[in-house]
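Each of the next two complexes has chain A plus one more chain, namely chain B in the first and chain C in the second.
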Partner chain A sequence: MLKKTGIILFAAFVAAFSSPAFAGSIEFSVNDGKSNPVADAVVYAVPRDGAPLSAPRKAVIDQVDKEFVGYVTPIEKGTAVSFPNHDKLRHHVYSFSEAKRFEIPLYTGTPANPVVFDKPGVVALGCNIHDWMSAYVFVSDTPHFSKASDAGRGRIENIPAGEYDVSVWHPKLKASSKPASVRVKVTDDGASKADLQVALQNVWRAWRAPVASGNGYR
Partner chain B sequence: MKEAELKGLKPMARKTALPAVFATRLFSVKKTLFGLLAAVTFSATLLFSTSASAEWVEWIADAETGVRVHKNLNRSSFADDEREGSEHFLGLSLGRYNQLADSTRLRLTFDLDYGLFGELEQLDYRKAGFSLSVRQKLAFGRNAAWVKPNMYAAYLDVDDDARDSALFGAGVQMGKRLTERLDGRAGYIYEARDGEDGDMIPGLASDVFDQESRTVSIEASYAFTERVLLTGGYAYRSGEFDSSCTPTNFVEALQRADISAMIVDDAYSENFCTYKVFGAINTFSLDASYSLFKGHGSVGLGYEMNEGVADDLSYSSSAVRALFMYSY
Partner chain C sequence: MTSPFRFKSFRARILVFFLGLLVLVQAAVFISVNTASIKNARIQIDEALKITAGVFGRIMKEREARLLEAARLLSGDFAFKEAFGTRDHSTILSALDNHRMRIRADVMTLVSMDGEVIADTLNPEKISGEFGLKNLISSAEESEFGEAASVVFIEDRPYQMAVVPLLVPMPDAWICIGFLIDDRFVQELKALTQTQVSLLSNPQAGASVIASTLPLSEREALKAAFSADGPAQTEMELGGDKFVSFAVPISHGKDKVTALLQRSLDEALSPYKRLKSALILLFALGLALSVAGGVFMARTVTRPVRDLAAGVKRIYEGDYSEPVTVEQEDEIGRLASSFNHMLKGLIERDRVRSLLGKVVSSAIAEELLKKEIELGGEEREVTVLFSDLRGFTSLCERHTPQEILSFLNDYFTRISAVIEANGGVVDKYIGDAVMALFGAPLKNEDDAARAVRTAIGMREALKGLNAEFEAKGLPRLSLGVGVNTATVVAGNMGSITRLNYTVIGDGVNLASRLEGLSKKYGVDIIVSASTLALAPGFVYRELDIVRVKGKSEPVGIYEPVGETGAVDEAVVKEMESYHEGLKLYRERRWDLARERFRALREKSPLSLYAIYEERASGLIENPPPSEWDSTTVFHEK
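== the complex of A and B ==
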């Protein structure tokens, strides 16, 4: 009896702390319609029958050489993000975005309290001291997401079998274009494929490089 | 003064100058020393002091080098007297930022400039000075308008001693990121140059390089691509400037403009008359910069055109420059 109970407890432990026993993946590629890969595109899969969010996570967005490390950081709703400053100077990180308005006034080192992103959406980051610093946080409503590599490719791992709407977001996504979305059936025995095409437009950040006129920024 | 006399001009030896001239020069030296001392004291005070709310937060180490090719370098109103020259230059700025408040930052730098004019070696120069500015953002974020009072003080040492000068400037600049790609700025600056007296001509003042001016300017930068920035500017300068001509044309210059000082000038490899007039200069400029090293550096190409008018005298000059800049 004790042995049987032990086996049941062990099975429950494994089930609770490991990936789903039957989980597939989605391999994706993102291009701009001219066969150019789209790096930093966030691809996310929303189950057609809905799914609970996973446990709260943590993430880090660093600042080095007066730039944010990582142009795009995808996170799940509820994630606490810390913004360590590894420059030997002060930054003043802020966002005006509706999904998360916040400000970390002039600081060095790592702020004591991380910022919790509790609404899904896109959060544009800036620094009030170094105007050219620019980065984005994509706050996902689903735990199934991943970011495209420089080759425009990626993989969403550990995704339970089922039907998903797979969508893509990128900071340069053309506002007028229809959001790219495909329906994908995930099975337990392998990787499903999703090829996504997006129309991009330039996003211009404040100029950083020195110019003859001084450009006023310094 | 007759033209024949002017052609044979010989500068008076400085030791024979009038006592009044000596007094003026002594006053100039005092002004120069006072200005530099004030700048050094002010800068040192700021550099080594901190308060509860202000802190020195960032070092500045900027460098630039390049070449400028000047057309009508001597701002002559007479086509035959125009001289061209090319200048290799090097500039260094070292300093710090002080964050006075969330949206207020002070910039203080020690600046060194060095220029070589090739054949016109009398124009080779060295310049050392300080510049100070305080940028106040009027709102929060990258698109906020800003205003920046600024000043500088420097000493210019030219191989041609008459051009040695103390330089001062104080002004204000304001700007705003107008769209994602377009950035606009406007400014005003008062500038004063306190020069040495040149080789004198009897009966004429010789303080050609004592000059004052006021300049208003507007400028816009447009991000042509993510790495190419185009900048266009216009400036209107009202004040004194120096212009040169050969002795042959000096009488005509004298008839056409109110010349307040004149020297015999051999900086252009031959005897010129360099004189001071009061007038206006319109400057148009266009620059293209290509960003390098993740925004730390740039290479640039620029063109500047000047149209100057003083009474019935006018001149046109221009310069093309190619430069490399690096900012730590």
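== the complex of A and C ==
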């Protein structure tokens, strides 16, 4: 598992677009049904009555020590993501996912043009020359989302009062078992709770040999 | 009962023993070598098969690893990911085929995560549809790294197949890649391991041979002999050859596949077969040599033994002429030499015995040989017979001593024959006289009668002899015989170095006296009253009652005329008349007696009648005193 979590950048832009004081929040927890917390789970809330899209935002996915920083990066649809390379070698970031097919051929530093994820869905990122490098971008339809901590917990802030369908996504989410979304009522004062259960499956990734800066894995 | 293992011939026994020993030892050697050889061959095959099984497993693993490696490479191949990204069937298929050929694999299939075929090199036309090898995918899904490999069947053909996920970089499809398992594969294995390799599938529902290095003709037999549930190691006959088989399961489940590794026992035994034929040759040689040697040895041992046996047989048959010739100095030679000594002793003894039989009567000789010879005797009732030739003295005057001896020998031979025929024993010859015994040394119930019969027989024998003498112009001879029965002493008499078996006593003398009296009474034979009492089966003529010199008791004397019933009626009548006359005489009626004797004399030539006529006349003229008892006293011998 990726231990190095990196800097959580999106906290900044969540703060930037924070709503007036009357907005509520959802405190959530995600477990795998066996009382194990599920880290990196993206929990998103879709308003029952439809909600306007928020303005386009920006996000960054760094590459440090031949790994993507952030195993899972939830973004809102239309977000432009830049991929700064902090290593002293080149990377070749690509995705063949339906939601976003792109390729940034071998480059150093930060590519000139960020990649705009304009379709909701899951985008699997890879590096052509480092098979083990793997990360996910969850492109959300709604601005109300958050990522679970290592303890499987999190909070979706600044949600206008109303009824929401709260759903969860995770890279290891079992394809066959669509987790039921839970309906949560959000009020202006105080935090609503959502306890979510997901069934996970094994997801294989390429093998990385042990290196000085970190453990290898398969 | 004769055991079948008992041989009559010593030679056969020796031969059988040594040959038996040889065969036993050789057989033991042969059996142990053979057993050890087969055991050894089996051990070698076992080891070879186990090594082969290891090699086989290893090769299968290697192939699996190659497949997995190849699939992994493809999984990380950016170009392929791009091709996959195009979702263009022809491109994907072509890329698969391209990769397949890189490692000479036989099949590559790309399957979606949902189990749908995306592209399949075996079915280029297929662009969708369910993938057949669900189990393979399932085991990959259940594995830690999303990989699996197994032997599977595609359209009834076996493939060694590996599956890994296509990572873009998350798993987005299954890459399947496989090698076909065929005869070429097992032939390669055979070339590597020198072992027959057969792959059998689905053994529960009747095994089928997937691939084999065995010739086609033997595959049916292999199918029949194979049992999936049997032990790993078995033996089976294929094409007349015995194979040690070792089963190695290479896949489980529904499409169970077993590799059967086999080595020919006969092939492994072929070096031992040469040893075996060498052993057989050696055995035959050894046997032949042993037979020859055994026969030779047996002969050298048994020939002298047979010679000895023949010698003993000759001696048993009375032929002492040949000693045994054995020119050996071993035990047999010493035995032969001892045997020859014994033969010498036997010849000596026989000569002595034969001589003894001639010198003494054979009965006495037997008696002497039978017992310890010692002086002294025992009292016995014996009938003694004396015979004497009359007119022999005058015969002597007219003939040379040689002729006399010849006559005498003739006479004695016949007389002795009569005596021996009646069971008597010639005690001695005294000049022309013979003394014979009945009742010593052997006793018979009727010894007295035998003596009387002998006396009569002698008289008859003399008649025959006289007829011969007459024919030769020789004078007739007459005989005097005296027979008496008495208790006498019988035994060996003389000195310890020189002795006779004989009888001694008054009775012997009396017999001799009676013989002497016969001439006086004009009769051939005189028998005493004691003999008459013991031999009643004859007709006797009473002669007189006499007192002989040296004996106080009067003795009645009689002449045996013949056996009862064998005497003429006329003779019996005459005898009755005579006995009446004798009675008158003894009653002192001499006139009447004289008349009677005269009448008898005029009819018969017997001198007895004349004697009594004369005696009666003498008594009439000089009557005796009243104490006259009619006995006749003889003073001379």
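Definition applied: the second predicted complex is superposed on the first by the 189 of 218 C-alpha atoms of A that agree within 3 Å, B and C clash if a C-alpha of one lies under 4 Å from a C-alpha of the other, contacts with A are read in each partner's own complex, and residues count from 1 in each chain.
We take it that contacts are C-beta pairs under 8 Å (C-beta built on N, C-alpha and C of every residue); 3 or more make two chains touch, one makes a residue touch a chain.
Please read these numbers as outputs of a predicted model, since none were measured by experiment.
When the two structures are aligned on the shared chain, A:F96 is found in touch with chain B and with chain C.
In the superposed pair of complexes, A:A23 makes contact with neither chain B nor chain C. Put chain B and chain C next to each other and count what each touches on chain A; the higher total goes to B. Once the two complexes are laid over each other on the shared chain, residue contacts for A:A175 go to chain C alone; chain B is not touched.
Once chain A of one complex is fitted onto chain A of the other, the partner contacts of A:W204 extend to both chain B and chain C.
Look at A:L106: by the touch rule set out above, it reaches chain B but stays clear of chain C.
Contact with chain C, but none with chain B, is seen for A:A124 once the two complexes are overlaid on the shared chain.
Comparing the two interfaces of chain A, the one with chain B and the one with chain C have residues 92, 94, 96, 126, 128, 131-132, 134, 202-206, 218 in common. Residues 92, 94, 96, 101, 124-128, 131-134, 136, 171, 175, 202-206, 218 of chain A are the ones touching chain C in the complex. Residues of chain C that touch chain A in their complex: 75-76, 78, 81-82, 84-85, 113, 141, 144-146, 165, 167-172. Of all residues in chain A, only 65, 67, 89-90, 92, 94, 96, 105-106, 126, 128-129, 131-132, 134, 202-213, 215-216, 218 touch chain B in the complex they form.
Only residues 55, 57-58, 60, 62, 64, 97, 99, 102-103, 105, 107, 137, 140-142, 146, 148, 173, 175, 177, 180-181, 183, 185, 219, 221, 223, 226, 229, 231, 233, 287, 289, 291-292, 294-298, 300, 302, 321, 323, 325-327 of chain B touch chain A when the two sit together in their complex.
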